[in-house]
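In structure tokens below, several structures.
First chain A sits with chain B, and in the next complex the same chain sits with chain C.
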Partner chain A sequence: MQTLDQTVVDAPTARPALPRRSPIATDALSRWRAPLSILALLALPFLLPSQALAVNVLIYGLYAVGYNLLYGYTGLLSFGHAAFFGTGAYVTGIAIGTYGLHPLAAMALAVVVASGLALALGALSIRSRGIYFAMVTLALAQLVYYVALQASTWTGGENGLRGFTVTTIDLGIVSLDILNPLTKYLFVLAFVGAALALISRILASPFGAVIEAIRENETRARACGFDVERTKLLAFVLSGLFCGLAGALSAIHLSIVPLDSLAYHTSGTAVVMTLVGGAGTFFGPFVGALTVLVLEDVLSLWTPHWQLALGSVFILFVLFMPRGLWGTALARLTAFRGRA
Partner chain B sequence: MNRQGPGYGAVSRRTLVRGMAAAGTLAGIGMPFVARAAEPIRIGFPTPVTGPFGAEAKDQIRSAELAVKQFNEAGGLNGRMAELLVRDDKLNPGEAATRTLELIEKDRAHFIVGALSSAVQLSVNEITRSRKVIYVSISQSDTINEAKDFSRHTFHEALNPHMTTAAVAKHAFKKGTRVAYLVADYAYGHEMLRGFKRAAAAIGTETAGEILHPFGAPDYSTFMPRLRAMRPDILCICNFGRDQANSIKQANDFGLKKVSRIVVPVLLHNQRLAGGADAFEGVVGASNYYWRLEETVPTAKAFNDAFRAAYAGAVPTDYGAYGYTAVRSLLMAVKAAGDTDTDKVVTALEGLKYDVAKGPESYRACDHQAIQSVLITESKKKSEMQGEADLFKILEVEPGSEAMLRSCDELGHRA
Partner chain C sequence: MDPGFFDLELIAMQLFSGVALGAVFVMLALGLSIIFGMLGIVNFAHGNVFMVGAYAGVFVMERTGSFWAALLFGPLMVGALGLLIERFLIRPLAGRSPDDPLLLTFGLGYVLVEGVRILFGSDGLPFATPEELSGVADLGIGFFPIYRLFVVGVVALVLVALWYGLERTRLGLIVRAGARDPEILRVLGVDIQRLWLWVFGLGIALAALGGVLAAPMRSVNPEMGNVVLGEAFAVTVIGGMGSLMGSVVAGLLVGVVVSMTALFAPEMASIAMFAFMALVLLVRPQGLFGKPGLGV
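Let's turn to the complex of A and B:
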């Protein structure tokens, strides 16, 4: 039971987790983490400079949470998650634009295709480890990128995919006006909230305990009788699934799919957001996405040298907050409650 | 004085607070009505301030700001002033889409002008056309003219690859000339190649060969001997920005200029500055604007003078001029419409005949492409330059005509 409701864990390669001094301390935060996260996200569009930015935070937050499942919890550093994000986005766009599918059906298809791709890429890469795993995933994702670049009749190539703008989504009883920014936010939040609840459930399951066991000590997990390869592959597929969903939502949000959504720096974005927020924490990646996107948005309004400022912030995080913003906050909270 | 009670004629603090609160509330309710009367005309301007086209973006912003300033100094629209909301799109279509959403939803921009790349302008256009906001694109593209991406709210002030390649070919290609092509392997490169080959077929030139190079390639040394072996009369280099400067420099190093003439679809001010006079010497290309147009065109003179006065003697560049012509003509249309109402401004823009910097321009009805002159320029020898900004010789000004454009039918617009 020890690992199941544990919210504070260290980055994958770091020292073993601190012993928890008080089980009550983080209990509420831990047990109610999904509903609490959704509540926090409900306030977002009213706090941020714009709703378009808030929707981006939701989408990239989900993308980072999906990525964190593999990196933060299973301990596998992938550099190719753009493949799933981009595939989710492209499949949604093509299904709506070319085949006239209902947006919800298109998104479902996108999630299925992205998971299928994750199964294929995972099967090819999962047996390598460390830096080799990172390189193999990067190379495979680049393959997907070049396929999209070449298949321009399907994807629009360099110019990106266009012509599938969703203005309303017919849900049978009601029809949602997606051009209204707040409606769009709530629509996206419905999916992100459901995904968060699901991820929370997955992490609390025995499977969640096993992936953390693999992260902490793969040999021991194997010795305990767990099928490490299959567990890793399943984690990879689940991670790809949630990243694919994030991609599908981004297609609905932006009404375009840029080729960049498959590029390697989109993969890098997931890593950066997860690290800034806190790898291996449930809500950390969201905090990371929020921090990175808001900083980018606000800084670039003030100065053309925003990249300099943003880079400095990242360096400071890596040096002084290796657990990320959320990870550090949780650790402080635990320590404080433990003393009290 | 007694601190507990109000003195003679004084107002108690509580009353004062109440009064202020009431006044504040009233002002708050009243504000929107007051504000609407003098509501500024907001022009959203997404442009890649950071990234490889930063220099071009900076020129576009300066020119656009000049156009806004002139409009405001002339009294605006019956006292309604214009303002330019510049946003960094980071040369990333996704970022540009988000910024455009912000400009429309949060900043309530009336119009969007800007973007500087084919993919970015198409993504901005996708956002604006579904929200029925006017977008004036100031970056080259053939795709945005086509019926698939067009909307009533899409305007294209920039030249397109079809126009520039046709003008360059008309000037440089002769029947029987052998032309070799070096092409950047991406959408814009392909559009330029298509334009050249089409013009070449009509003129009757021979194709000596074509080589595709990866977008953003720093090294062209493997391509140059192959191009030289083709023995072309003309080497046509179809790429943009840094690629252009790099490939021309290396073509020069490999002595290609001794056997053939180098032509490019667009010859840019900033790239010529980056590449240097020696590398570019004798290179022929097209552009929308060059400041020495002022010797023949009075509006160019007026534009340059205003620009020099505002920016310490600097002259506007080609891509910079797009920012001016687009914003200036848009504001002329607003004035003609007498309102910022989208439908009225679209109609005004469609009917507008404007000459603001480079001679007469107007938007074609079917695809809203600006019909305008194309300049054919040649890069000067260092010894012939009179001053640092004197980069090119204007060989020809191809006057604007619909014949330069692909027909409405071909683009898929129904008559």
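Let's turn to the complex of A and C:
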């Protein structure tokens, strides 16, 4: 019951779950993970059928990466991250629409508010452990949802937030035309890339080692003298911060914030994408976001009931491929190079 | 009329409404707690099972025209589905992280919602209060819908049956022992796997019964499950995970809190439940009846 991370528990052999720990695979792929990820994402709009889909992959990928910081790396299974995604989106929309803030200022404000909310919800939920944590985070996110539903003068209630449209972003020297799909993609990628570089740095820091230690064995991490509660809380806040940024970007992208962005469904999306891609891997959440969004894009042409396939695929992943696509690929690669 | 007296009467009626509302929460939280107490897993499809229960009730009622048949066969059908879920989806995860069954049941939730949409359509269905239970009864302080009294009665009956089964029968003794130490029970020659199967089925059937009971009181639609899941979790967190006593007390308490808030500030009713939970978490993170560290 001590190790909560399934990538370790499920490992059929004693092989390390993360290729990062293998001396051979620690080289190129891991050291250059942030630049390599950004390069892969640069190619994305030319590989996908539509630019809007590519922007969605970026935004939901960042959302899942932020979520993965908590679930994949710290081992805390949250079901309430819609609270941060939605708050990031709402604050951005309200700041632009009601107060006429510059989009960048609005986004900065959104990230601050989302982190503050993460601090409050984290402080409430971090004390409950194990699977209890999943229930508490879910219920707290419901609280945020109902508050947004009732505060309709601010949020637009059930209709969602409308009436703010970002067409150009004035950067002083140049003015970005956001209506141009490629410009928009690159604008979003600038934030996502910066976030990826930052997350890569965080994971490589001593703090990154401590959160993984907590995931592997919380009791031992505590015995080693680490302040487990504060570390978890910090991981929670950082996770909320990046999810809030993803929400802010989605507000800019869609020019509308649906109430659904705070709903249970959106929290679940982060879980699905992270697990399908590979929890506890750096690029896995992007693979998951890409897989889920492309699946949705293709299947929704055929049937309105595409979520039946999504749920079934997810169940199959839990049963047979709990490391996810990217996690399994990395493990194969490590095993292959280990043999060579 | 003396306005003070009138208020008191109104509050008493609203209190009773709260108990009726809470009775449904009790069914939900009981199912969750029984499954968690025995199998150590959180059923994230619980809200959707509740929803499927309501639809199973509609299905049986359309075929037979009898509410009583719906009340009996709806939960039995869904309980049987629960047996299949345990046998073919949950059991293969034995020995893995406790997160895995949770994630699996979460995925199952999608399948249940879409399955119901395919079978019954995406729009909500009406579920009329059965004729013999419609109308109001004079409680002395005011008139109260008979159906809500009936719901409270059924839940009380289920509670007594559960209490008797767990505390007074040999099987109940085995179940309680299994919740405490499955290893020893296995050593003593009890087929714990079979026990888990039936306990899971029972928990599912209880949620489905809650769904059938609640159907005439709230709208039946495929999305109702996600709302219900949050409510069930809030109640369980307040009561303390794995505590049956906690489920009952917290269920009723939450029902009363919600209906009292609805009386004074209707728009705050849905917020009140979760705010109450946040408050309990601040003061007693393990819940009102939970023992510290139970969720580990």
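FYI, the second predicted complex is superposed on the first by the 315 of 340 C-alpha atoms of A that agree within 3 Å, B and C clash if a C-alpha of one lies under 4 Å from a C-alpha of the other, contacts with A are read in each partner's own complex, and residues count from 1 in each chain.
In this text, contacts are C-beta pairs under 8 Å (C-beta built on N, C-alpha and C of every residue); 3 or more make two chains touch, one makes a residue touch a chain.
Fair warning: this is a prediction, and the values are worked out from it, not measured in the lab.
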Superposed partners chain B and chain C on chain A - clash or fit: clash
Touching partner for A:Leu259 - first (chain B), second (chain C), both, neither: first
Chain B versus chain C as contact partner of A:Gln307, first or second or both or neither: both
First (chain B), second (chain C), both or neither touched by A:Gly160: first
Touched partner set for A:Ser50, first chain B, second chain C, both or neither: first
First, second, both or neither for A:Thr168, with chain B first and chain C second: neither
First, second, both or neither for A:Pro181, with chain B first and chain C second: first
Residue contacts on chain A - larger count, chain B or chain C: C
Touched partner set for A:Leu124, first chain B, second chain C, both or neither: second
Set of chain A residues, in rising order, touched by both chain B and chain C: 304, 307
Sites on chain C touched by chain A in the complex: 41-42, 44, 89, 92-93, 96-100, 102-104, 106-111, 113-115, 117-118, 122, 226, 229-230, 233-234, 236-237, 241, 267-268, 270-271, 274-275, 277-278, 281-282, 285-286, 293-296
Chain C partner contacts - residues on chain A that touch it in the complex: 1, 3-6, 9-10, 77, 79, 124-125, 127-136, 138-140, 142-143, 146-147, 149-150, 263-265, 268, 271-272, 275, 304-305, 307-308, 310-312, 314-315, 318-319, 322
Residue numbers on chain A that touch chain B, as the complex places them: 49-53, 56, 152, 157-160, 162-163, 165, 167, 179, 181, 250, 254-256, 258-261, 300-301, 304, 306-307
Chain A-touching residues of chain B, taken from the complex the two chains share: 49-50, 54, 87-88, 90, 92-94, 97-98, 101-102, 105-106, 118-119, 122-123, 126-127, 130-131, 143, 148-149, 186-188
